[in-house]
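Some structures to go through are shown next.
What follows is chain A paired twice: with chain B in the first complex and chain C in the second.
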Partner chain A sequence: MKMMKRWLSCALALVMLLGLVGCGGGTDEGAASDSGSESTGDEIVINYPTFQVGTNTAAPVVAELVNRFNEEYAGQYRIEIEEVPGDANYAERIQVQISSGQLPPVVYGGGYALLDLALEADLVVDLTDVVNADPEWAAMYDNDAWQAANCRDGKIYASSSEGQLIGYFYNKELFDQVGIQPATTWEEFFDNCDKLLAAGITPLAMDTADGAWVSMLLMGAMVATSGDEGLEFMNTKYPTDYNIEPVVNAVAEMQKWYQNYTTLDAVGGAYENAANNFFSGNVAMICNGPWMIGDFSDTSKTPEGFDQNVGVATYPGGFVYDAPIEGMFVTKQDDPALEEAAIAMVKFFTSPEAQTLALEMQGMVPAAASVEITDTATTNFPLLGEFLNMASECTVRSNTFTGNMVPGLQDLFSAELPNLANGTYTPEQFCQILTDFATENAVA
Partner chain B sequence: MLTHYKRTPTQKVARGFSYLFMALCVCVALFPIIWVVLSSFKTNSEIFSNGLSLPSHFSFDGYVQALEIAPILKFFANSLIIATITTILNVFCLAMAGYVFAKKRFRFKNTIYAILSLSMVIPTTALMSPVYNIITKLGLYDTKFALILVYTALNMPISLMVLRSAFASIPTELEEAAYIDGAGFFRTFIQVMMPCAKGGLASAAVLTFLESWNEFTFALLLTSSTDNRTLPLSLSYFTSQFSFNYTAMFAAITIAVLPSIIVFAIFQEQVNASLTAGSVKG
Partner chain C sequence: MKQKNGGWIALFLAPACILFILIFAIPLVMVFVTSLFDYRLLPRTFTFVGFSNFIQLFTEDNRFWPIFGNTVKWLFIHCIFHVTLGTLLAFILYKKPRGWKFVRVTYMIPNIISQSAIAMIFLNLYNAQYGAVNSFLKLIGLESLQHNWLFETATAFPSVTLTWFLFAGYTTTLVLAQLLSTDESLIEAAEIDGATSFQIDRLVMFPVVKKMIGTTVIMAATYMLQLFSMLYITTGGGPGTDTTNLPLYLYTTVKANNYGYANTIGVVIILLGFVTMTLIRKIFGMNKED
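Coming up: the complex of A and B.
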């Protein structure tokens, strides 16, 4: 009994001790305000949650921009990064903060429709007057794609820093083996696929998990180049009817690709599987953006010299994906000075200088067409220079297929793709499932 | 004195099968651990291309990268502090509750127990927003105490269920004998009932510790600084939508998991003994 009492006393003492030591130190950074920001003397601190950390390709750019901002605004404003590793984790966290009405001063919308969710909750600061007061900043919005990403009802709410200019990459060695060149028409494209297949080479890297990014790009390109109806669909924000001819036809083609033109791990596989199949020379083509270029020379993922073996192309029909990624927005705060600091941060992070830095450091495509592609960038990333030249000649452009979807539909699209791939659904049934969800969850 | 006897062919076959079954169980248990450790020495390409092969060469680059990319050791220490305090708090508080629910009669006992147990079926996603609101309003955002509080509460239903059953299985005569000998309520609970419920206490402690150690969602939601974040979050540093470093991730998992396995291997006899201790009492 005495032993038991002694153990109990020790346990209680340990609880109190650890409680004092462990819990006492954590209040320095976060407890100052609900939105995660604080003022220290005259300096305003902006706590900036971001998923662009760790292995994220934009991590070095964000770190550099934070350093530069803190230097330029020393004594006035200071950004403190709050690391939220993982894109999906970040989106989930911001969604909870939206529902509780306690957003951080600056939010990066990315591809998660966070701007619309925050607008629904009336938490976003209208930037129209601030942007219009600065001609250089206002000039970026002289573009339909920019407006679609960052404006609502004629008002400016966000500012983009990164563009989404996407074509596809191909393995030159495998193309040379069968004597083919990147196709300019879809007939030629599938003829190339058949030739590759006949030579025992799997033509396409595909996936179904995590939004089926790689597969979706190829399918969306078919929709966009099918004619006016398809292109209009691809440039419509939050469409509700997927049972239209261009989409049904493209979905029917995609079903065939899963069954004939890709690897066994495509169904159920994620981007990583598709990318590895391309890196390993198992497949001849992969659709993705220029952010992938750095990986071609990463010898932990690819064989030595693989980067010399990769070519880039735009899609048949003179098409390239071209849409700025939904940008950063400022949220309403109790302290007007904090809102001003947040606006300064958004302006700094999305300025032409910041976009040039991202281009030169990581090969990230600028969001604004006015940002010049520098020699440094083309020297650091020759494939990017080549691609940007090709892209400049493309006449058909749109957002991605999933980029316009209502929130939540991308998950359903991804979850139901295996059923399309194995023939459980016909293309019409698959499109009807998307239509039903989009109609039920329509965004005004 | 041991009696040696010759086994029949049927017994020999049965024994062979039992060894085979045990070997299979060992393989199933060890395979993921060995696979993760071996993968931490492979390149990303090797992991994807041939998951079951041995590394082409042993390199500790993954470990170096893992420690550079994420503050794993700091997160490990935080996890240890949070899981330990949560376990102690949870088991101590729920032992008292479990004892009262098992041995005392009062009005609405079953209703209150049902309400407390119901929280087990509320999905985590439904709790996220209210918990975030309460924690921020209490000024506990980004503190270890927030996680301790939430984990203690989240583990309440299962601990209550385990401990109530443990106390209910102790004969009432023991309690009555303590009262007859002059022990009060608290003394009876601490000195008579608690030692007899050691098995239940150990089970509740192990379950609570593991749940707190592995929890991800609230750790992500309620903390923002490396001073307070826990180990499961560190693994998200190694994969994002268009980039991945599985070598570093498997190295991080090895760093995170191996100490727990070593500690369990050292103390497994004590853990097993405590888990079965209650079954022979009373």
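Coming up: the complex of A and C.
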């Protein structure tokens, strides 16, 4: 009996240890799982983490592309979406995965500098040969913005599907109430704001949280149109000196907007607050890109007929944001077949057909100049056609203010903006804080 | 006998020890080691810099001390006032006043709701434009007291603190359980000796639950040293550093890809936790046998 107990104890201990070893052994499997992929028989499954799900405006497009891809490559490749709600969460997750060296096979670069981070960690597949072998795909790289976003040192690492032309939207009814038109100069713009204010209408939708996207667009437009120094600053990747005249002046203006021209919840508010204020007619103007156009006719977000009431404009000084958006890239995998599947997915998702689909379903501006703006798109989104015509006449173009920031600066920026808004900081002090952080965390 | 079982004891302890080493000890050592490096992803850097990160943190980083101060303030507030609040309620409830069960259950509810949900609720309650707090002040004619509660320097810290300060459900539940399980003969004996209700609470019951209170203080301190999502969702640490604590600062430093410096902050959090736990255990005599 005693012997039996000993054997039993020994067996139990062994089982526990084996379990532990099993956990350890699972690390490799976990890596494959973390990297988001598995093979089932002959079919290669690509797990694709994305924030373009749920209420994200691109969600229907991505879902449709996944369906089409899975149909076209049935039995060979299959994409399974892994939902990561929130673009900031997605970017943070990918950053963590880069540091651990385990990335999903396909990463959407977007405006989060993920490509450079992944390249620095040597995790990105060089697509140069694959792209050059396909004339249609290669033709899309005959474009400076596309190259700036997707190429490094003459090599192709990513492929874009969307452009980033950004102007601003205005509420026609509120504009008509005070008899104003979209401004062509900044003096006129602020004159419009004063007229709206005098009529009891809040002129601007603004925010401070999550990088203050809406506010930044307006402030960045001022910097870009202030002259050569400002425009150069706006087109500099990872600038370290924010204490230059164009930025300080624009920050000083922004301080006044927070104090006079916007809603009470702008300080501390996120994009959602700003958008809701515009959707509900609380404010007259909001800066954002054409991807927002679909929301104007979405009755779950806006009142019936709201889309008829929205106008679009480019910024004073003939300015429009024309920022390159990093495309999708393929990451290095242990399994070459999985890399091939990932390349097929990137090619499919960034093809001219995919860009046309996004244009017609979402009003997304195509990344490739060769993709025509179809009648379906302008019928579905009349504002888009109008905006693209206006944008084509703009003479000043740049990246966004936050798009060039060193990693981490957006968080500091959001945290410090309330202090600028309430006057705790002078514009110079605010810019110095940004300068100190950017210098400390400079990216060579 | 002891020697005979030594091997078995070691064998059975082995899985737990190995797991502990893999999951806690090695990462802990790595945090300490990498805090001595300039360790970044972009540009990729991994250079030994000795104690430079610590020197920079303590002497050059003008954000560190206010953030450290916030963390310590919240530790004190939580360990002292929050636990006191929960304990006082437990002492009231153990006398089983009318409706005590209802209070016990409802007071626990905020503690079982996810922090993120609570944060969203408060973010909306405090909203400067449509929030319930400002709306109520307007309703009662106190518009002059309206604030952008979470984003003004004067109000941000107390407003954020209120999002968790009042909800001492865990403390109440644990202390109450200890009080209710105490032998009633103790109270009866004290009553026969002529002790007042207050004297019974102070001189009889408090010593009984002292160690349990110590446990809840440790839980409160741990909670504060880990506090993150509430701050991240409500204020993002702003305005400025007014509502940033050390974990949030560590997180933003990681986002700046400065891993070496982030781990330096991590070491400070670990040391602060160690000092806090040692103090609490000493104050509540938790190392002593009864």
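Going forward, the second predicted complex is superposed on the first by the 409 of 444 C-alpha atoms of A that agree within 3 Å, B and C clash if a C-alpha of one lies under 4 Å from a C-alpha of the other, contacts with A are read in each partner's own complex, and residues count from 1 in each chain.
Keep this in mind: contacts are C-beta pairs under 8 Å (C-beta built on N, C-alpha and C of every residue); 3 or more make two chains touch, one makes a residue touch a chain.
For clarity, every value in this text was computed on a predicted model and none was experimentally measured.
Asks: Which partner does A:Gly227 reach: the first (chain B), the second (chain C), both, or neither?
Replies: The answer is neither, since A:Gly227 touches no partner chain.
Asks: Does the superposition put A:Glu82 against chain B (first), chain C (second), both, or neither?
Replies: So A:Glu82 only meets chain B here.
Asks: Classify the contacts of A:Ser99 with the two partner chains as first (chain B alone), second (chain C alone), both, or neither.
Replies: both
Asks: Go through the superposed model and pick first if A:Asp295 touches only chain B, second if only chain C, both, or neither.
Replies: First partner only.
Asks: With both complexes overlaid on chain A, does A:Thr57 touch chain B (first), chain C (second), both or neither?
Replies: In the superposed model, A:Thr57 contacts chain B only, not chain C.
Asks: If you tally the residues of chain A touched by each partner, is the higher count for chain B or for chain C?
Replies: Counting residues of chain A touched by each partner, the higher count goes to B.
Asks: Tell me which partner A:Pro382 touches in the superposition: chain B (first), chain C (second), both or neither.
Replies: neither
Asks: Let me test your reading of the model: by the given contact rule, A:Thr208 touches which partner, first (chain B), second (chain C), both or neither?
Replies: Second partner only.
Asks: A:Asn422 contacts which: chain B (first), chain C (second), both, neither?
Replies: Second partner only.
Asks: Once chain A of both complexes is superposed, is A:Gly305 in touch with chain B (first), chain C (second), both, or neither?
Replies: Once the two structures are laid over each other on A, A:Gly305 reaches no partner at all.
Asks: Residues of chain A that sit at the chain B interface in one complex and at the chain C interface in the other, please.
Replies: Common interface on chain A, chain B vs chain C: 19, 92, 99.
Asks: Hey, which residues of chain A end up touching chain C in the complex?
Replies: Chain A reaches chain C through residues 9-10, 13, 16-17, 19-20, 24, 92, 95, 98-99, 113, 116-117, 120-121, 208-209, 263-265, 267-268, 406-409, 411-412, 414-419, 421-422, 424, 437, 441, 443-444.
Asks: Across the complex, what residues on chain C touch chain A?
Replies: 8, 11-12, 14-15, 18-19, 22, 41-44, 127-130, 148, 150-153, 235-241, 244, 252-253, 255-259
Asks: State the interface residues of chain A toward chain B in the complex, per the touch definition above.
Replies: Within the complex, chain A contacts chain B at residues 1, 4-5, 8, 11-12, 14-15, 18-19, 22-23, 25-31, 34, 36, 47, 49, 51, 53-57, 82-87, 89, 92-93, 96-97, 99-100, 102, 210, 213, 271-273, 276, 279-280, 288-289, 291-292, 295, 299-303.
Asks: Which chain B residues qualify as touching chain A in the complex?
Replies: That would be residues 43-45, 48-49, 61, 69-70, 81-82, 84-85, 88-89, 92, 128-129, 132-133, 136-137, 139-145, 148, 190-191, 194-195, 220-221, 223-228, 233-234, 236-248 of chain B.
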